[in-house]
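Here the structure comes first, spelled out in structure tokens, and everything after it is commentary.
Per-chain residue numbering starts at 1, and chain names A, B, C and D are given in the order in which the chains are listed.
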Amino acid sequence: MVQNTVTAEKRLKKLVEAGQEANRFNWAKEWKAQGKKVIGLVDTYIPEEIIYAAGALPWHIFGTWRQNVPLASVYRPPNTCRYCAHVLESFMSGQLDFLDGAVGSDWDDDRRVLWFQWTHLKMMSFRYQLHVPLKDSDLARIQFTANVTRLKKGLEKFCGVEITDQSLADAIGVYNKMRSLLTRVYEMRKRDVPPLTGAETLGLTTAAMVMPKDEYIKELEALLPYLETRKPVITSPHPRLLVSADRLDNPAYIALIEDAGALVAMDDMDTGSRYFWNEVPVNGDPIEALSRRYLSKLACPRMTFWDRQVSQVKEWVKEWKIDGIVNFTMSYSYPRFFGMPYFRDQMETAGIPFLTIQREYYLGSVGQLRTRVEAFAETLAEDF
Amino acid sequence: MVVAGIDIGSMSAKALVMSGDDIVGWAVTLTTPDVAGTARQILDKVLESHGLRFEDVDYIVSTGYGRIRVPFAHRHLTEISCHARGTASVFPNVRTLLDMGGQDCKVINCDGTGKVQKFLLNDKCAAGTGRYLERVGATLGVPLEQIGPRSLDGSDATTHIDSFCAVFAQRDVMILRQQGKATNDILAAAHEALVTRISALVNRLSITPEFSVSGGIAKNPGVVKRLEKSLNIEIRVWKEPQVIGALGAALFARDGAKKKAAQA
Amino acid sequence: MPSSVCYLPERGYRLSPMIVAGVDVGVKNVKVVLFDDSQLKSQLILPVGMEPVTGMVEKALADLSRQANLAPGDIQRVLATGYGAFLLPYPRISDSICLARGAYFVRSSCGTAMDIGAQRSMAASCTGGVCTKFSANGKCAVGSGMFLEAVANVLRLKLEDMANLPSQGDNKIQVSSMCVVFAESEIISLVHEGAPVADIVRGAVNALAAQIYPLLVQVGMARDVLLCGGVARSRVLVAALQELIGFEAVVAEQPEFVPAYGAALIATERREWS
Amino acid sequence: MNFLEAEVAKYERRVKRIKENPDPTKLKANLLLYEMWLSHRKKMLKQFNEGVPFAYLSGGSVYNTLFRAMGFHTIHLPTTADRVGSGAAKYFDIARQRGYPDNTCDRIQVYLGLTMSGELPRPSFVFYYGGECLPLTYGGRWVAEEFKVPSYFLDYPEEDSGYEGFQHVLKQYRELISYCESEVPGVKFDEAKLGEYQRKTDMNHHLHQEIYELKKRVPCPISGKDALRMPSMELCDEPQFGEYYKLFRDEMREKAEKGIGALPEEKARVMWVVSAPFYADPFSFLESRGVAVPIYDAGVGGGERREYVPPDDEKKYGRRLSPLEYLASQTAEGAEGRTPGSKSERILKNCRELHLDGVIYFMLSGCMPEIGCGRIVAENLERELGIPTLLIDGYCLDSAKYNQTDFESKLDAFVSVLLARKGVPA
């Protein structure tokens, strides 16, 4: 329990800024110093509980937030996924040399290629690519469970440990705990004036992606009572927006929206709600339970069940009293580009204002972004 | 009640002053690095020529890309809202509006009061903006105000520009010139390429009549005539299309002034 | 009909004494050089304008001959290269081949030549004057000299002056637009925000260097790199590039002329061509 | 003129031209190919006018056979898009106005526009899969949404998943078939018919392998344009489907035996990879410079795939497989051929066997699986074989974005590099 406001704010700030480029490596390096392994992740479809159970640190890779990617450009022309380019740049510049391995997936064609680039450049001693079916059906689930089982075996071999059902159940318990804590934070966002800004919330969720889970849980649990009563600096509580994006990990994007006169009250992002939504059932076979959660629950445009993403978002719009949606497509990341017309049409039919903006991975073209968001906020304003 | 709208674009700054429901006057100048100074100068210029002083102005709204750098404005709004508002005041039946600035191209759907329903902007690159024609004109040595009319005298039947890029177009123009193509034909090809690009953008939003074009390029008949043909719609252009944004800002300023007066 | 010709590397091939000219038709300038017995005699750079390039080049050749105390008829061969080479009535040859040959002429020890031109950048391996690899961009004007020129225009600087700015630039400013026109307005707004000019230049130059660097890597960058093209005159750019490649690159003395030298020399060396 | 009418007119024109004025430098077999297309398109046009529905296939040309064995008429969307030629602009506009990304692969944009234009027979079913690239997957997903018809997505197994992967595919096929039979009136799977198609395709694979052997000859007996011809599986119901490749092989063999090359003087030979600006005919440009293009690799989805291996199901699975099982085993094995690694291996092997001097790798904009590996393939080729690769970007259908001067000057420079490396005079 944190009593003192100043101390609490300090602790909160530390947690919120954990994903910043200057800080995100700290925990991983501390972990390494204890002689333990760090495994990088580039999407949210890897059941990372298994990595946790293997005694390694599952660490989500965010790319460099700087604009220029001269090293990665050798392998990646400018018209390829910018997240992957910035990740490859971090690899090639040596920033990620501490990683023992990485588990990728075929989230999209570009992530598949990223895995091949690691292989070609002989990066890390453990590189795994998990196939995640693009659909959800009984057959797809059986296949995914088999794939996850193979991943578990691969990790056992690499880490030199046996991953027992008990250790998996423990890991699931820890992750579910994190999920329930973050769910409580998101519940607070339903308030007219939430205790956290949208940018702060993104800082909080991305922190969960780079910090050791036990430590993260300890911190967040200690801060929750403080958050209940916190008075944040919110410039404009209206209009309330939901941001939909994939790997948007830089809170500065959300801050930009909030500076332009809106409140980001909810999100539909890999780095936000989609990271922790849906707990893993604790009864039954843990691998099967994990496979079910990761394949069937994440409603992301990457999957061919676009309708689930739409109905999920519609639900959120209602519960979080959302006035409009900002949809960020990232340059050359195709799943969202292709799903966009459907998403837009469905939102328009439902009478939910919708703005789509193409962005780079790093924060660039701020003036243009700002104009779009401000204009959107102006169209949503009641009294104008 | 005297109010003003100031529109700071990337290339030019516009100020428009209203007294009650009447437009007092306006002025246009080039934007300098000192935005606040430019804004004040252009406003003072309009005020002075009509015997007014800065102190007489009750409310100021700034808009355009430099809107947040006008320290003396009471409020700032985006050019999207201001263009829609300005257009609605002169053409109340307009439902679709195309604003073509130097580097921006915006398509806006609005209602009769000028409230924006939907909008769309060009992304990532300046292909299909005014700068494109500016560069082509400069390469050919044709003054800006002549490129439109002269393009209408040319034909793009045998002349084609591949590059949409405002910078590469210069290269293509140079080659065409060297191959002996007539200046007017090259201008026609450049206008055709631009209109193709703009039509594609406009078509992504629903085109509900009436349709209006604002911004500096609206003065270019080569673009407007071709757009009418390409979109198959009649285009309405106000007499001073480049100050529509400032007019919209001034109208918002009038609202602000009224509200302020009511509160006082 | 003019045809494309290729430089043929032949060890120990003796150059025949011959008076030749090389012409490089770029988007902004035409470079014309005159060689006598493989010695550079005279050179000329002319802006491309409204008048036909053919006439311009003919006149330039006459001027150059006069400067070298030769009659125009003494020129035995003319070889053209560059984007607009096809406009001329001379045989033409690829720019990468000329770049490599010209770089070898300017600096025989260099292994990689980098030409940063107005509309595209190109790297070529050039050991022994033979191009065995090249890599070029050119989809968009970002990554070319146009970008830097646009920056200079907006800041009301000359390319050369950009070199003389105090290099306090601390890499904090990013010029992020992926379009030259947008970059211009981005820079305007940076100026409006009061960012120091040197920092803006540094930001822009870093963006350009980041576009150029991969080209060098793609041709298997040698330790000895020669920088060519007018933009190589920008010392800030060279500094930013050197920071990426990790060693000093040499800027050609007359960087604009390197491909034209190559064209002239290849005209001399091609045995069966007349 | 709608798409199908234009197609009929195009093939009528070509057939007429060859009959009246044959070009001796071109393959005689081409006439047969055009005649088959003409007959196929005429049938389609008739069905279009009668309102007969088709199954739309978003990729996987082999699925023409599976769906036809179920009694569907089929349209293979990506290859149909390839045929719009100079009419592409209209379909781009339709797709882009709908909000489709204009920076993705242009084939997908055209096929989306084409389906929405109403110029194709309407669909009764949409099939899409995860075997090639995501644009094809999402394209299929969109078409299913647009037309609100039943659809099926086929998940490809994880690489090296062996028997389990095979079972995964087979079970999905069975699911797909029973779904089609219950949802689409008149559909009934005829496995014997699938077996017939497989005999035809196996024969073609066999011929293909023979043709591949002939391509090893120097000079190459085949022109670049002809090298990329393959009988589309859409033509599998044409009676002369099997004849074409035989004729093709015989002509090549005859030329090879006489030592006749497609070029007067072959100075170098290259492989063309992924896709090409077909509207601009870069092959003829290369040939005018003395460079032969004996082989074209259409990337992940097809082209010169692996060597033909006769069905060895008995050895592998312990028994003779049924046609459906056989298709599943091919699919499961094919899953391994789609990785960048195996692509690189395949190109290396082709370069070695066909004595190639270089590779032209077309970085088709929007084609992530391909452009992401271009550089890696180039490095592998340089390291293993010491041959250069030209990475050149562009669009395969969007001719509005093509700049001939730029493109050809790059090809030309590459030819110079090839010749300089070989030490051959131009």
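The definition used in the following text is that a contact is a pair of C-beta atoms (placed from the backbone, for glycine too) under 8 Å apart; a residue touches a chain by one contact, two chains touch by 3 or more.
These numbers were taken from a predicted model, which means no experiment stands behind them.
**Student:** What is the set of chains touching both chain B and chain D?
**Tutor:** Both-contact set = A, C.
**Student:** Any idea whether A-D or C-D has more C-beta pairs in contact?
**Tutor:** Result of the comparison of A-D and C-D: A-D.
**Student:** Where the centres are mean C-alpha positions, what is the separation of chain A from chain D, in Å?
**Tutor:** Taking the average C-alpha coordinate of chain A and of chain D, the gap between them is 38 Å.
**Student:** Can you check how far apart chain A and chain B are, centre to centre, with Cα atoms defining each centre and the answer in Å?
**Tutor:** Roughly 40 Å, centre to centre.
**Student:** So which bits of chain A are touching at least two other chains?
**Tutor:** 74, 365, 367-368
**Student:** Which positions in chain B touch two or more other chains at once?
**Tutor:** Correct list: 65, 124, 175.
**Student:** Return the residues of chain D touching two or more other chains; collapse runs of consecutive numbers into ranges.
**Tutor:** 99, 375, 393, 405
**Student:** What topology does the chain touch graph have (line, ring, star, complete, other)?
**Tutor:** Complete.
**Student:** In their complex, what parts of chain A are in touch with chain C?
**Tutor:** Chain A residues touching chain C: 66-71, 73-74, 78, 360, 362, 364-365, 367-368.
**Student:** Give the list of chain C residues in touch with chain D in this complex.
**Tutor:** 4-10, 83, 86, 93-97, 130-136, 138-139, 218, 220, 272
**Student:** Provide the residue numbers of chain C that touch chain A in the complex, in ascending order.
**Tutor:** Listed in rising order, the residues of chain C that touch chain A are 139, 174-178, 182, 185-186, 189, 206-207, 209-211, 213-214, 217-218, 244.
**Student:** Given the complex with chain C, which residues does chain B contribute to the contact?
**Tutor:** Touching chain C: residues 10, 31, 33-35, 65-66, 69, 102-103, 124-126, 129, 131, 140-141, 165-168, 170-171, 174-175, 177-180 of chain B.
**Student:** For chain A, which residues are in contact with chain D within the complex?
**Tutor:** So the residues of chain A in touch with chain D come to 74-77, 79-81, 108-110, 112-114, 116-117, 119-120, 130-131, 133-135, 137, 139-140, 142-143, 146-147, 150, 304, 306, 332, 334-335, 337-342, 344.
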